């Protein structure tokens, strides 16, 4: 029991502690000690509500997936690369002399079971220019995505892009 | 090392300025709310991220490590909060009844109609 | 340009541009140039007098600490009055919030925003910020709970009694710190002269009572503003006055 | 260079203000204002480089953390017609 819940807790505490060091911008002994106290207080105030037995889960399910460490560390680089390439494409669309858009709202069914991971995937799709998550059909793992321009590849091009993001997300969680 | 960081920061700032301008042009030229949201997201992912990266490199060039870490924190918070706002406003617009212009396919419409009836 | 509304908007644009130019002029003046009188005295003497790096925090909690106690009491009195006025009304319990994506992502964000608010409060005497600002960020988080998760969420998780307790203990902490000054033979809210350590400027433990008073005010403002919002939300409960929005 | 980027960003924000003024519907204005908020957050962060004063980064951080709240509140209002449900 302790083993199953320890890993997300350790991850959250580490992330919070890093954010504490970043906001204060110092690494003296008093700051680190105060940081430990504050991180403990914040986790004490939010863990039971938002992470352990999360309030917005109607039936049983793991609210918080266990992440693999190595993909988690390499994840930001791939994500930023994806971001830059998509941004470049949309910038070209915005600056071309005549705007000829074919927007569409399509449904993409995902394989990801864990709801938090699905939400992270939805946020990632929103962050990538060119695709925007409008709604999620959480019980059946479907995402409704507004695509800016279907382009010449049609629906399959957008779905392929989503699949790539989804594949990486699947490698991230256990 | 410092000169390299300096040059990198200049490159990133110029690229960020270009993307910010392109996104604002997109916000003005695109036809409806949903497509404008795409352009707005680009202001974040292209413009803000690159300019903040340039700022971080500039801070690193002068050896001001706390400022660099804080800049990266600003970028992380922007990345974490912006999709929430975009998604919420898009969904609210759809449920309020603003019809997207010129969509080829709309697979969401039936779901919303089923909810309303 | 044809309707008066557009004219009004252009006027607003011109006004904001003028304000921006003015602010720019204010930002670009070099520090210590042309600052005379009491301002110069505070800027040069703060480090020696209090040991705090943030001059505004030093003025708020040391030079005019008693005044700040009065200001905080204004919030306290307002909260008590509003809570009394709307005590009879009940929340309409509703868990209609925004979509699941927003709910779940906000759950992942809340610890980080709370940590940021705490860092504003704790670093109040070293960097821009302090009790009032950090408390406001905390209250913003609780207001977002109502917006995102529906009004039943906050009422179920944090009872108004807990908030009242936090607010009252913040006020009590403030007064107790002030009383230490009286005990040691000084005036109410005496800082360095009452024996609190000055520390070296820039360290966490410096500035005597200023960090402690920041924490007290942070508790007070955070819980107080949150209580205010949740008392005011009950006004909207009246079913006759709800109308659909116009776009 | 920094001054050039700063002026460019200001010009960009002024151009984007056009959508805030003439936006046909309120969501258009909100989206445009959110774009401007993002751009101006980076503007404040750049001011820290320009003035070589790290204090501006704290202001930019506060802006980055809290600027999404207004959009969420507007979204709630559009979706439900009232804020407190």
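As written, the chains take the letters A, B, C and D, and residue 1 is the first residue of each chain.
One rule holds for everything that comes next: a residue touches a chain if its C-beta (ideal position, glycine included) is under 8 Å from a C-beta of that chain, and two chains touch if they have at least 3 such contacts.
Every value quoted in this text rests on a predicted model; they were computed, and no experiment measured them.
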item	value
Winner on C-beta contact pairs when C-D is weighed against B-D	B-D
Centroid distance [mean C-alpha coordinates] between chain D and chain C, Å	22
Distance from chain D to chain B - Cα centre to Cα centre, in angstrom	11
For chain A paired with chain B, centre-to-centre distance based on mean C-alpha positions, whole Å	15
Geometric centre distance via CA averages, chain C-chain A, whole Å	31
Interface hub residues of chain D, defined as touching at least two other chains	25, 27, 54, 58, 61, 65, 72, 75-79
Two or more partner chains touched - positions in chain B	23, 25, 37, 39, 44, 66-67, 70, 73, 77, 81-84, 87-88, 91-92, 96, 98
Overlap residues in chain A, where contacts from two or more other chains coincide	19, 23, 25, 122-123, 133, 135
Touching pairs - complete list by chain label	A-B, A-C, B-C, B-D, C-D
Chain B residues within the chain C interface of the complex	77, 80-81, 83-84, 87-88, 91-92, 96, 98
Parts of chain C lying in touch with chain A, wherever the complex brings them together	99-101, 103-105, 107-108, 110-112, 114-116, 118-119, 122-123, 149, 153, 157, 203-205
Touching residues (chain side chain A, partner chain B) in the complex	19, 21-23, 25-26, 80, 83-84, 86-88, 90-91, 93-95, 99, 101-107, 122-124, 126-130, 132-135, 137, 144, 146, 148, 150, 155
Residues of chain D defined as touching chain B within the complex	1-2, 5, 8-9, 12-13, 15-16, 18-19, 25, 27-28, 30-32, 34-35, 38-39, 41-42, 45-46, 48-49, 52, 54, 57-58, 60-61, 64-65, 67-68, 71-72, 74-79
Residues of chain B that touch chain D when the two form their complex	10, 13-14, 16-17, 20-21, 23-25, 27-28, 33, 36-37, 39-40, 43-44, 47-48, 51-52, 54-55, 58-59, 62, 64, 66-67, 70-71, 73-74, 77-78, 81-82, 84-85, 88-89, 91-93, 95-96, 98
